[in-house]
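Single-structure report; data block below.
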Amino acid sequence: MSSIALLRVRGLSRRFGGLQAVADLNFDAWSGEVLGVIGPNGAGKSTTFNMIAGALTPSAGSIEFDGQRVDGLPTHAFAARGIMRTFQHNKPFPSMSVLENVMVGMHTRIACSLWQVVAATPAAKHAQAHAAKRAAELIEFVGLKEWIDADVATLSFGQGRLLEIARALAGEPRLMLFDEPAAGLSPSECLRLADVIRAIAARGIAVLLIEHDMRFLMSLAERVIVLNFGRSIAEGTPDQIRVDPAVVEAYLGDLGALSRA
Amino acid sequence: MRDLLELTVSALASGCIYGLLALAYLLMTRPTGIINFAVGEWGMVGAFGGFVLLSALEVPYALGLPLVVLVMAAVGWGTERLTVRPLVERGAPVLAPILALLGMLVVFREIVSVGFGPDPRPVPGALGFGRLELGLIAGSYQSFFIIGSTALVFVGIWWFFERTLTGRSFEAVAIDRRAAALMGINLARVTAMAFAAGAMVAGFAGVLVAANVSAHFMMGLPLAIQGFTALVIGGVGRVEGALLGGLILAFTEQFIVRYAPIPAGLAMGVPLVLLILFLLIRPTGLLKAREARA
Amino acid sequence: MKSLAGYFFAAVVLSAIAFVLGSYQTDVYRKLLLWITLALSYNFLFGVSGQVAFSHFTFYGIGAYSIVILTTQLQWPLPLAIVAAVLICVVAALVVAIPATRLEGFYLALATLAFAQLFVVLLNEGGSVTGGTGGLANYRIPEIAGLRITGPWYTIVIVVLMLGTLAVLWRLERSHFGRACRAVRDNPEAAAAMGVDPRRTRIVAYVISSALAGLAGMVYAFVDNTVNPVIFGLENAFLLLFMVIIGGSGSHAGAVIGAVLLYLMPFVLSPLIGHHHALVFGLVMVLAVLFQPQGLIGLWHSLRDRRAASAGRSTP
């Protein structure tokens, strides 16, 4: 691990009218580490996630990625920087096959101009072949090999989730953001998902994971941040978090969740 | 001065027609989200209905006009039933009914063209072709009739939306279709009523305006554009916006034609330029939709 | 079509036809090729990029009028006029696309509809520059190096235009740009998350499609040797939309089928319904949207899939 955090969040805040959804959040994320963000409903997890993914602009504070400010940039600029995300409610492109969906994720990495495309130069052909090959590799990596040419409408929910991941990975991210990836998955699908996420972190990619399913997240994350009412109330390893008094109190209404974690 | 007032009356009358067309769109778009490009053709159908009943068959106006409007209700209901309902029930993308209605635009126009030929057909005015002079204010009978009846229509529609339960259910559907359905509001019925109402209002406008311009199979598209422009200016959210937009469009148009040193043909471009300007600068229109009440 | 050989073969065949046709048939053939060209570029804008626009014939007109005005009124040599006319189309497309792509679906349709009507109004009021409502006539294609391209040789120019348009759009559609267009059409939020700039993608798609329409317009100008406002109005814009949908939106083959079918249909139906082909088009359009939204090409695909499935079943 390098000595400077890949992602540095300082004083991150977001208001919606009169509601302070996130207030003064500070944390770092490192390459190769799985960082989990948990909290009760309404704690501000999604808002935080969307700000780091570039889907929302912060009201205050800064998000620094690889030493450069990214907050305030348009959404599509985040992928170019190396930040890719999945969606909790799968958002595939229904008019394209699984392979083509993943190839879209590669958009920022394709080094070929439209003039070259129109002229069908060798460079364009090479870029296309390379993209298809890389996409196929990623599809195999997440375990969707047999479905490579399938219509996305035929995928199950869990498979659609894996497609989300393959598509995001196609962007060659250095930071992968997972939006409640375990939601809606069966236990066996969760196990496979955990393997995939660990493999991604093992490749040196920083992983930030928001999750409601405590058990899933605790088994996967090396470090956990706990949010409540838009603020960070605890930060540490899963074991430390489990017994932190502030965390216990925040989840007091859901002792069952905490004991399962 | 008299000149200016006459122009004002004329612009008011035109503005009412544009407002009615905008209202027709609004009645259909609000609850369903479907943009019915064929509204102008419905105005044309109404105009020809007026020709058949009032000119050819010489039915008295007081009977003929409501008859036309009733027939238009059937036209609107029929269109919805045949070309919109199957798509909505199937869960087709929003674009599909819009495209189907575009096809219907052509169908309506061609049917009228086949049936009545290319020549314009006269439609009588409500009170004959006289002029009324009230002091300094002067205008044709038809202009005053248009203004008066449009005012009634708008008041009636406003009252319907504000004060009746059925009207409030329209609003509910406009705000949130799923929630409305969950509360027991019959979406199919609301949609059918919306289209019937839209057709009635459009046909009504068609009969009124045809007294001045005659019924002609190509009159639909200009009406549609004027209606759209009025809608965009006034804002899609509110019934009053339709009338406001229509009046602003008519006044701008007529005053430019009368007082600006540009050739008459270019005046046809006024609604188009206004439409483009509003789309670019203020696509939501001048009046905002009502916020949810606590 | 993938290979250069394929294009070459098609060019030869389509050009050879030009030499065996009589003058009436040549006119029909040329117009058919032009409609196919327009349908291909409109299909990219509407079907692939998902933009409902009514401005395609407007750019056809901008290209046509530009080339005529530049060569006959300003006496520019043809090569220079071609370059200038293309530039005019590109600039006009940018002027429309940059603000218009900020608008959501319906509003874009409305804005392009207004733009199309405005173009016709301006043409009608253009005085001696545009020839007003009568348009411009009595001109001929200028010579290049002492040669005047007419007759079957000009038909070959149209064949090249059509195949060239197909080649450009085919390659774009299969590339990362085509995928980006589809992604933005399907789900702009997800597309942005993947690094696709939705607005820029739409603008580029709009400019390329419209410029291709303008180029076709330039070629058209010397087919009838007359241009007038009616040709470039909304009637034909609707017809183009019908062609693309009935043929199968999003597919090149669909665009070709739709164009061929709807262009030739009036010739076949004329004995039955006279001039009122539009009625049939409207009805077929409504039926297509209701019963076969994938268009004729979709019908072909599902028939083919069904045959493949039953073939699979019959083998033990």
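Each chain carries a letter (A, B and C) given by its place in the written order, and its residues are counted from 1.
Criterion: a contact is a pair of C-beta atoms (placed from the backbone, for glycine too) under 8 Å apart; a residue touches a chain by one contact, two chains touch by 3 or more.
Being a predicted model, the structure only gives us computed values, none of them experimental.
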item: Most centrally placed chain - per-chain CA mean versus overall CA mean; value: C
item: From chain A, the most remote chain by mean C-alpha position; value: B
item: Distance from chain C to chain A - Cα centre to Cα centre, in angstrom; value: 42
item: Between chain A and chain B, centroid-to-centroid distance (C-alpha), Å; value: 50
item: Distance between chain centroids, defined by C-alpha means - chain B, chain C (Å); value: 33
item: Complex contacts: residues of chain B adjacent to chain C; value: 35, 83, 86-87, 92, 94-96, 98-100, 102-107, 109-111, 113-114, 221, 225, 228-229, 232, 263, 265-266, 268-269, 272-273, 275-276, 279-280, 283
item: Touch list for chain A against partner chain C, complex; value: 53-55, 74-80, 84-85, 87, 91-96, 100, 103-108, 110, 112, 114, 117-118, 120, 124, 127-128, 131, 167-168, 171
item: Residues of chain C defined as touching chain B within the complex; value: 52, 99, 103, 105-107, 109-111, 113-115, 117-118, 121-122, 124-125, 234, 238, 241-242, 245, 276, 278-279, 281-286, 289-290, 293
item: Complex contacts: residues of chain C adjacent to chain A; value: 168, 171-172, 174-177, 179-180, 182-183, 185-187, 189-198, 204, 250
